[in-house]
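Could you have a look at this structure, given as structure tokens, before my questions?
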Amino acid sequence: MSNIVDKMPTAAKKMRLGRFWRTSGLLWVLVALCIAAALISPAFLNPFNIVNVLRQVALFGIVSIGLTFVILTAGIDLSVGSIVAVVAVSSALLLQIGIPVPLVILAGLAVGMAMGAVNGLGVTLGRLPPFIMTLGMMVMGRGLAMTISDGHPIRFPDASDDFAWLGQGHLLGLPVPVWLFVTVAALAYFVLRFTPFGRNIYAVGSNPEAARLSGINVGLTIFSVYVISGALAALTALIFISRLTVGEPVAGVGLELEAIAITVIGGTSLFGGEGGVIGTVIGAAIFAVIANILNLAGVSPFTQQIVKGAIIVAAVLFEAQRRRRNGSAS
Amino acid sequence: MSNIVDKMPTAAKKMRLGRFWRTSGLLWVLVALCIAAALISPAFLNPFNIVNVLRQVALFGIVSIGLTFVILTAGIDLSVGSIVAVVAVSSALLLQIGIPVPLVILAGLAVGMAMGAVNGLGVTLGRLPPFIMTLGMMVMGRGLAMTISDGHPIRFPDASDDFAWLGQGHLLGLPVPVWLFVTVAALAYFVLRFTPFGRNIYAVGSNPEAARLSGINVGLTIFSVYVISGALAALTALIFISRLTVGEPVAGVGLELEAIAITVIGGTSLFGGEGGVIGTVIGAAIFAVIANILNLAGVSPFTQQIVKGAIIVAAVLFEAQRRRRNGSAS
Amino acid sequence: MTQTKAGAVEPILRMRRIGKQFPGVVALAGVDLDVRPGEVHGLVGENGAGKSTLMKILSGAYQADTGEIQVDGETIAKPNPLGMIGRGVAVIYQEMMQARHLTVAENLFLGRLPRTGLGTVDWQSAVRQSAEVMTRLGFAVDPRARLDTLSVAQRQMVEIAKALSRDARLVILDEPSAVLGGSELDKLFAVIRRLSAAGVALIYISHRLHEVFAVCDVVTVLRDGSVVGTRPVADIDAATIIRMMVGRQLSDVFPERNRQPGDTVLSARGLTRPGVLRDIDIDVRAGEILGVCGMAGSGRTELLRALVGADAAACRSYRLNGTEGRPANPRAAIARGILLLPEDRKTEGCFLPQSVAFNITVSRLSVLMQRGMLNEARERDVVGQLVRQLGIRTPEAGTRISNLSGGNQQKCMLARSLNADCAILLIDEPTRGVDVGAKREIYQLLAMLADRQHTAIIIVSSELPEILGLCDRVVVMRDGMVAARFDHDEATEELIVAAAVGEPAAKAA
Amino acid sequence: MDKIKIGFSQGTMESSWRVNMVEGNRKWAEANLPDVELLITNGENNASKQVSDVESLMAQGVKTLIISPVTADALTPVVKQAMEAGIPVVTLDRKVNTDVTLHIGADNVLIGKTAGEFVCKELGGKGNVIEIQGTAGASATIDRHDAFHAALAANCPDVKVVADQVANYVREPAIKFMEDMLQRFGAGEIDLVYAHNDDMALGAVTALEAAGRLEEVKVVGIDGENAAYDAIKEGKMVATFTYHFVAPEGVQYGYKVAKGETFDQEIILPTHQVDASNVDQWLGKGF
């Protein structure tokens, strides 16, 4: 046994390097895409363009971080797009009738969390498969957003400048949504890595029965991730309407799929217990850069789709192959 | 130990009864929905209406059966909607330029199977997560369908009456698509239950490592289910264009989600190894009846969505509660 | 089998210079192994010595980095599972390889279901043949039951039946006995002897040396991925094997017993779970180790689960550390100082995708908290200490637990329950798959916990020597009831077995 | 007495224009036609769903079918079936490829053509245009795209569409696309943005404003949203083209048809060009 202890330092170093390399593999994909983008179009490196891309990363990234929490528990949340819509129209309505901005923000977040809480209750107390519960919420939420807004976009006075700041403002040269995203990502990283709650999420996602026997409150953990997902969808909705100056009931259509894709590309397993927020951030960046390149290169819309699909597959394929080469015997 | 052998028959009987009750639980949900429908609107029992509902069941059911195969292996196929589109526009093009109907049907099926095969290769050889591979195919396929058709619906001469029969014809009073669906469902049931290939699907979905070590060709099994899913999507596409007399590049948008939902409601687990085709058939019927009731009841469109979402959740919730009451420890 | 065969007959299996590396670990460093027809070849070694890896290479589950495999003198180019099955190699893996959604019959015939003339699955014959196999082996398992409704022991029986029902010429059993009790083991040995008499070669891996002496002809000892030696069993004794395994002499496996049990800390009356547990009274005192024995399926596991609220159950009264009422769930139980270490580490214990450190600290993260966050340096200290104490063989604390050998995973589970710092520990099969050296460490640790920290410990074990050597009192279960209770001094193997199977002699208690 | 059942099959309600069509007709019927029961269905942008919607309306015994098809061709067979069963059919906005009792609609081809001609004039026969399309494959998109291009080709071949993208008639993707285009094309390289609806046009305005380039780029939309009128008033957009949402005309004529009145086969509701010159009379009259 004793020789094991001697071996540990080098072995440990190797392992840690391996882990870095694993996350950074995706980082290389991102870097490669950026280099390709810069070669294809010099406009890519234009600071304004970089800011645009970052803003795009932020908008999709925030929801995707919520989904990362959910997917780590082996769940899924299809309702985020609809939550965005409900929060968008209801907050816009409140702004329209002149409720003060801070209250609107609180109310918006509360609506998102409440919808997430319903998801959470359905999955835990109701024992519904997350797919079904959140699919139901997706359909219901869309109907609700349509009903609230009577199908119309809801405008609110531009006057509320504080509110405009949320989606359109800048801070130290970067858009406010980017700062919000960075904050959310940092917080999420911290929670997942340095709090018992974060550990519990991984435990529940890896083996719910073992988690239960280890004294983890499985139900509460699962419930919480849906509330978090709802809250982050609500935050996205607030940024959306601030940016668009209108609350649309069609906001966020298809967002769930994009967010799930970002999370999975980022290396989080749909079977739970594996992955994390860094991958999701990189995944969001990859998505935004792909869309940006294709637009800058002036690829026609239909061809864009073909190329986009191919790049998604190729990026993850590259990652999978590289990881396979670098050991990790199945 | 000999007493075990005596106990066996009752234990086995109990199990089989349990299995019947499990599937039939969903059946009760369906029956309840039908009774509710008949009470809400006498038009529900109108033979024309019943035939409509059956046709609807058939259209979604066929794709859902394909997805059932895929999901039983713990995979997913997001590309079925796009496969429908590609097959629809390419078959319509072939009909337009006057290729004989049987050849068109073969070509359409071949296109669907080829796209399924690409999915299968990506998942097996490429070791891509099925979600990513088929998401890529979904995006690429939609772009391909748009490119082929230049975004326009492709009409073909009504003349091809044989072809019209596929989607519009009747046989013994029932629409041809319904017969096709019944055939596909019966075949799928048979394959899953009575062929070694079918059992391999369950084994692979339940524990791929155990399957591999028992000498099952895991790769081939997984590859096959994607080809099957592609073939059934292609069949759906052919029925679609025969029924609509036009091949649209937007055909099948959102179909994947509906088909997955039907499969999951039918009791097939997204984690693989559990479920089957009977549940999927009932799931498809439940979906079609819900949509029909809401129309017959004259519920306003937005409210329909809210009610639809609620019914989906309630149906599965009822099922889950009932199953919990009837034992099946943890 | 006598050694007359050895040497005379050509080996059916020849493994040469087999080497295998995993990231950070050399699992095998040039191993040679010969097995002859009709021979029962024991394979022993410490946890992580490379036994399972060697067998997985043989079965085609892993690819070796170096070396070659010959079957019947023929070199196999690229071994894969299907090819090896075709050559008559059948394996019982240490980590059960089963499809939990499928029935027993289907698992038995996984990948080779009987077919009708039309090529369809012949269900009737599958069920009938399964029942035949089970009856022949004397195992009590319903072929139509779904696998996830079976107890661990029953699942192991299915695994054994699966390998033995193939017409194999080389059967590998990787720790088949870890969860089996006495009577199942006897049946297994009977089958092994029958197969060996029929000329089948067997490789038998176990950490229970007496089994090796009972059934093997030849034994090969592995240490750190290399062969230390291969000897006929007749020429060797247990002490020598142990010395070869661990490289030193091991004295007393069981610690001295000089305990002063204190007050009763847990006392349950009339614990009942329909069909499984009937009217059970149980007490444990602080600083006491209580053993629970019984045949497989007698309800031992269910008893422990009921005590911590893992399953629904009823009881007349339940007193824990002075508070009344049965905990509603394991979380409540842990809050009141009682923890269960479950029987099946794979389905109920390990967080397989997570690290060793994660798995060990999960049940008590509070000690790692510092200024509102988990302190990873402190975690490394805590884990490092436990890893050293229990001799867990892992490249580092951050290694995924799924990359550890079975025995080392089990040690991690023990480390978790030691780390939980509970006043009452319920441990189901504590040394399942653990090597002799580590067993001794574990016994010492458990005894130390009871002696010094006055922890009350209940152990369920299928290994009678363990119960007899470690426990202050013994409860014997049969058919969900308490069949007998013994104090340490009066308990003997014979009495316990008699009580467990229900022979009249034991009824008195 | 039994109410007259009129079925209204809407193809999709994923745009406020479509919602207006439904709501406008529904509210008018509620207020003015006490003897009518209006049964409304939503095809959810899915031709196959809409076909079965129509079938279920027929099964309920509607006296007249009002339909706004999600795509023309796909709904043809079922409409033919209805006509053959003696149910009069009124198509709104979009036609089907078979004779119906009455068609009432604005004409997207006309709108696309008018917009194209306007753009030619606005740019003086030369310039670069960015087109923001609606939902790929939708018939409104196809018509607004094809007719626009045809008009450019006929009137001002030197006006070039230098980039286009589908943005699904929604604002957020339009902003995103426009932001990228502002990077791809430098100052003076874009003269005009043609968006398939006002929502997307307003998205383009948002992006242009943020980049400080609204001065150099003209924005044209379609539909006639109140927000677009406001933008024209403020000089942020140059024009939009009204797209009549066929309410309450749909249910008005549907009712008359159910009562047995007969009409010419087609009523085309005109499109109006709204620009700085006439915007004041339109303010607040859109949706």
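Note that the chains are named A, B, C and D in the order they appear, and that numbering of residues resets to 1 at the start of each chain.
Throughout what follows, a contact is a pair of C-beta atoms (placed from the backbone, for glycine too) under 8 Å apart; a residue touches a chain by one contact, two chains touch by 3 or more.
In this text, all values refer to a predicted model and were calculated from it rather than measured experimentally.
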Where the CA atoms of chain B average out and where those of chain D average out, how many Å apart are those spots? 34
Cα-centroid distance, chain A relative to chain C, in whole angstrom: 42
In whole angstrom, what separates the CA-based centres of chain C and chain D? 71
What are the residues of chain D that contact at least two other chains? 13, 136
Scan chain A for residues touching two or more other chains and write them down. 146, 151, 209, 269, 301-302, 304
Indicate which of the five shapes (line, ring, star, complete, other) describes how the chains touch one another. other
All touching chain pairs, where touch follows the definition stated at the start: A-B, A-C, A-D, B-C, B-D
Which residues of chain C touch chain A in their complex? 22-25, 62, 224, 308, 310, 329-331, 333-335, 339-340, 342, 347-354, 358, 362-363, 365-366, 369, 373-374, 376, 388, 391, 393-396, 398-399, 416
What part of chain A is in contact with chain B in the complex they form? 74, 78, 122, 126-129, 131-133, 135-144, 146-147, 151, 209, 257, 260-261, 264-265, 269-271, 301-310, 312-313, 316-317, 320-321, 324
What part of chain B is in contact with chain D in the complex they form? 41, 43, 46, 48-49, 52, 55-56, 59, 146, 149, 151-153, 155, 168, 240, 243-246, 248-251, 253-254, 291-292, 295-296, 298, 300-302, 304
Complex interface listing, chain C residues touching chain B: 59, 61, 81-82, 85-86, 91, 93, 97-102, 106, 110-113, 115, 119-121, 123, 131, 135, 138-146, 149, 311
Can you list the residues on chain B that touch chain C in the complex? 1, 4-5, 7-8, 11-12, 15-16, 193-196, 198-200, 202-203, 205-207, 209-217, 273-274, 329-330
